[in-house]
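Structure, as structure tokens:
The letters A, B, C, D, E and F name the chains in turn, as written, and every chain counts its residues from 1.
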Amino acid sequence: MTRVDGRSTGDLRPVKITRGWLDHAEGSVLVEFGRTRVLCAASVTEGVPRWRRDSGQGWVTAEYAMLPRATNTRNDRESVKGRIGGRTHEISRLIGRSIRAVIDYKALGENTIVLDCDVLQADGGTRTAAITGAYVALADAVAYLETKKALRGQALKDTVAAISVGVVDGEALLDLCYEEDVRAETDMNVVMTGDGRFVEVQGTAEGEPFDRKDLDALLELAGAGCAELAQFQRDALARTL
Amino acid sequence: MTRVDGRSTGDLRPVKITRGWLDHAEGSVLVEFGRTRVLCAASVTEGVPRWRRDSGQGWVTAEYAMLPRATNTRNDRESVKGRIGGRTHEISRLIGRSIRAVIDYKALGENTIVLDCDVLQADGGTRTAAITGAYVALADAVAYLETKKALRGQALKDTVAAISVGVVDGEALLDLCYEEDVRAETDMNVVMTGDGRFVEVQGTAEGEPFDRKDLDALLELAGAGCAELAQFQRDALARTL
Amino acid sequence: MTRVDGRSTGDLRPVKITRGWLDHAEGSVLVEFGRTRVLCAASVTEGVPRWRRDSGQGWVTAEYAMLPRATNTRNDRESVKGRIGGRTHEISRLIGRSIRAVIDYKALGENTIVLDCDVLQADGGTRTAAITGAYVALADAVAYLETKKALRGQALKDTVAAISVGVVDGEALLDLCYEEDVRAETDMNVVMTGDGRFVEVQGTAEGEPFDRKDLDALLELAGAGCAELAQFQRDALARTL
Amino acid sequence: MTRVDGRSTGDLRPVKITRGWLDHAEGSVLVEFGRTRVLCAASVTEGVPRWRRDSGQGWVTAEYAMLPRATNTRNDRESVKGRIGGRTHEISRLIGRSIRAVIDYKALGENTIVLDCDVLQADGGTRTAAITGAYVALADAVAYLETKKALRGQALKDTVAAISVGVVDGEALLDLCYEEDVRAETDMNVVMTGDGRFVEVQGTAEGEPFDRKDLDALLELAGAGCAELAQFQRDALARTL
Amino acid sequence: MTRVDGRSTGDLRPVKITRGWLDHAEGSVLVEFGRTRVLCAASVTEGVPRWRRDSGQGWVTAEYAMLPRATNTRNDRESVKGRIGGRTHEISRLIGRSIRAVIDYKALGENTIVLDCDVLQADGGTRTAAITGAYVALADAVAYLETKKALRGQALKDTVAAISVGVVDGEALLDLCYEEDVRAETDMNVVMTGDGRFVEVQGTAEGEPFDRKDLDALLELAGAGCAELAQFQRDALARTL
Amino acid sequence: MTRVDGRSTGDLRPVKITRGWLDHAEGSVLVEFGRTRVLCAASVTEGVPRWRRDSGQGWVTAEYAMLPRATNTRNDRESVKGRIGGRTHEISRLIGRSIRAVIDYKALGENTIVLDCDVLQADGGTRTAAITGAYVALADAVAYLETKKALRGQALKDTVAAISVGVVDGEALLDLCYEEDVRAETDMNVVMTGDGRFVEVQGTAEGEPFDRKDLDALLELAGAGCAELAQFQRDALARTL
């Protein structure tokens, strides 16, 4: 089977990770999964939210949003509507949990890092691109703290990346573009650490319920995809900023 | 290993499904998983939202909320705060997707069913209890439409139920109560149809990332739990209202 | 004249007060006036709002809300609408004033009690049922504080209960159900202490203005009704929890 | 007993009703009860809200608000806070009900009148001044409709006015100013038609509960006060605009 | 050319500045530019916002709003809509900047003055009337602080006033009324100090873009108008309150 | 005088206009004024807002926003705060007016174009960069409509561009960067058409009021700057997309 963009079932789209895209942020990455383009900015502030003060531990959180014309047709701004939608909430929470899975709060000290993931253009997989890019921005922000001698050890326990997988026309595919995503019978987002363990597994039957065999096939594809992404992350971080 | 409430690893808490708890709603259920108590009301209205008009197809949606003192300490009302939190949004969406997985929209005709799941008391597993109860309320609402001759066929394709599973102290457990939930290293919610297929799988590493072996153990427990719940649902629906 | 449910003009509907309906709340009551069913939870917290600090006095407040399908047709959630309606505001304030009328703030000490009154099912008289039930939940919360040795005297000065009265087809009736309420020419809610004095009198002409004779007849009915309710409250509190 | 401003117990403060205070509104009144100053504007629009269309009947509604520096210390604007407070909601609803009590909807035809009551300066009794002034603005708006031949009969069934009464230091007083209001043990607002019947009676125990004797004394005072106000309204409307 | 109200091109409408219109506010002015009528209240509070604490400097801010029936047809309240519109925001900010231009923050000491400008009736030029009136209310509030010995010098560096100018049918006009404003090709608001310097110049092409010659003509008219207004301000402040 | 970045007083920062930055939008531009970087997307929809229907005329509007980490320190999202700030409102309105100045609504036909200007990085002059870039995105959207044969003539009457000017240390400067902007005594934004006429002139005294001589110097600088920008716009549009 050939996919709409010529890939085979287990291929990622072209991945591009551009560090230092912004001048002000302590870490910033423009991450591209094909035409999906997400700007990830890591902002460091001294201190932690009130509920965590005097714990000696840091905090990391994330916010996800989409520009109104990231998509095929324009969406109204959530700021204009005066409320954040359920999807936005859900993805912001997912990114936050994913990123926190590799943080050693004690080593981070009482510092806060906020990861802003803004989708400039969307073509499927925005949340997985966001997690993958946010990790790299986070790593740069942590490096910044290190140069400031503000850490108490190794604040990152591992890398973390994410990929979407799905069943389209009965076939398990890696890294769905928008056109595939809308046709998928089953849709799954998998977040994994660099050592191949799971942080999040979120599978949803869009049409028919799926069985254990489907699930196994998807998890296998995702494992390979996340390993590839981890390599992209390491390569990006190895380049001089 | 003995659990805090004396159960063994694969035991559900006592499950109680009371149909017809409300006088006005077309379907209503008080569902109890141990001390977790959720009131599920199904409201039928003729017609569908604007974007679905003249499609000949129905619509089903869900809203989840918690009374302020459902929990150990009081939470502020979302109506008073003027905004719905991310967790509420996320669970409402999950219930909606789960329930829609067993609906035949064409058979439903241009009717809308709203499922309100209000947590009266929370002790872990409120979203899974809500899905399990909502299905029964939905079935009663569908039966109501049938007596009104408003259906065009069999609107329910299967039953649907949900259960939480998690790893606590290295052990996979079924149907976590609150005390277990806060201690869980991995937490997973699984939604399955009566024929044993998956509708949703949402696994999250709360502490350490989890590996494939953990995942398999959790899915197995969940499969058995959902099968048991499906039986409770069938028994409840077999009773005269 | 016989009423829609067979009562005579001065009859209350069947009243049922179930204490301890929730496991977490310091006081909780499911109160039923016929088919009207309100869950009242009293939450105790140490300390008082900022404006009352270091006064040596406590604070009591109340919030009223209705589940979306408490009524005949479903109402949108105020949390979803993002704002609280005028009716909800008005009733929350009424319950708070009513309850505060029997509180000795000094004896209460710097503690706060919040009374959440959530209407699970509505058939007229939800605000009067809420006040009547909230008092009992309050009494249990005060008893809880007493066992904690957190009081500085007798925090409750009296009991307080409320009932609706109205003129329907020219006849003064006690405790209107929904069907009577919508037909009432005059509608009045009366809140009284156990010693027979008034805390609130709120009479409204729904159709024709009313004269002094109507007012007198309604106040007399209400006085008898509140006295009966006070006995129900005492009986409920006399039972072992 | 002499009151803070030298009045005797049954005296109104100086009442001033200035018609035509605005150039655009179909009816407008600046009403003054002593230092309390409320601007009442009646706006006429053809047509009625959707839920009332094709009923042949009109609609009347009211909104109450206070300028930020109407009071002794500045209050934040509700527009800035993004939500309307409970007190504002409650008073808007009271004014609306009061005014609607004297409207013949059929005679009004499918026209809507909105009464905006904005408190420019507050010294107690703002809601009663608002009702009293709003009636006069309403009468001018009705007269405007009459000149447009847009009525189907006599749209006003009677006049309506309101006054506050209260018990201060054990004495029943008419028309409380702010200083008296904060000291009142019992506080009551009474809305009456020109023929001396009741539209609303809202009595509240601010300190001790009150008994039937207090209630009777307050109602008597209020009756005389409303009669006096009705005369002020008739006099104002008799003047050439 | 004769204007709609008979003025010549460089004429102001009748200007009336009534000080002390409110009893509670530390400064208050009813300012009238023809039929435009704005109530300006200056509220003094000790202390400054958090971000300015311990700076030894004061703070002045402004809020602008319009009553719903200030205009020809009724506008919905921003408090009811739950959000402040762009126009309101913009004008509030303009008034604040204009007034702050003449404040010596050090002389003001750590005191805050809020200027509330509420448009009671609108006939064009509400923002310029608001600035002109707000200055006078401010001066009275500063005088109040002086009598309290709360200043550390001369807190007002100059007077400040504002006027609108515009090109209508090719002719530059001073102080546009509403009817002229809607027909203007170019519309400009100019804020000037008593010594004839500019604080704000805001010119907008409503139809055709304007050229430098138009701009010069408008600035000249505005300069003369502001000088006249400064004299009105001085006269008003010279009168005994 | 040498400026912080080595420019002379009348120099623009390096200007870069990249068309077609997005794949979905009908027109899109990444515009850079030095380190200020704004993404402008033009979205075309058939039809116009309700109030303009059946007029035969089109509509153009704009929305401005800033990513949270566009600036030196992170700003909270307006979507999270639930309300749009005054500055955002003001700039959105300014961009809309500026762009509409060159639109021929009749030639546009009943089509709507929304211009989204999202600041990815801010270093002063974001609103002027936004207007300058938005014009180019608009031109591409108009060209798109032309290829669709959806226009009724020449929809663009001229080009439009904007630049900031200001007085810093007594010297008039063109195109202020952030560091200059915060030190400016006078700050002015000027919007001009390609033929050298004014669309908007907004000058503000940040410190001392400014006199006519300052104003003239600033307008002259701005005129030259806008002419240069118009050339950049023409060059960009001359390139093949």
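Here, contacts are C-beta pairs under 8 Å (C-beta built on N, C-alpha and C of every residue); 3 or more make two chains touch, one makes a residue touch a chain.
Which protein is which chain? UniProt says A, B, C, D, E, F = Ribonuclease PH.
In this text the structure is predicted, and so the values were computed from the model without any measurement.
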- chain A and chain C share contacts with B
- Message: Rounded to a multiple of 5, how large is the rotation, in degrees, that superposes the C-alpha trace of chain A on chain D?
- Response: 180
- Query: So, what's the distance in Å between the C-alpha centres of chain F and chain C?
  - Reply: 59
- Please compute the C-alpha centroid of chain A, do the same for chain E, then give the distance between them in whole Å. 51
- Item | Centre-to-centre distance between chain C and chain B (centres being mean Cα positions), rounded to whole Å | 33
- Where chain F touches two or more other chains simultaneously, the residues are 82-84
- Task: Would you mind writing out the residues of chain D in touch with chain E in their complex?
- Result: 22-25, 28, 35, 39, 41, 43, 45, 63, 65, 67-74, 77-80, 82-84, 88, 114, 116, 118, 120-121, 123
- Item | Parts of chain C lying in touch with chain D, wherever the complex brings them together | 83-87, 89-90, 92-93, 97, 101, 158, 188, 192-193, 195-205, 208-212, 215, 219
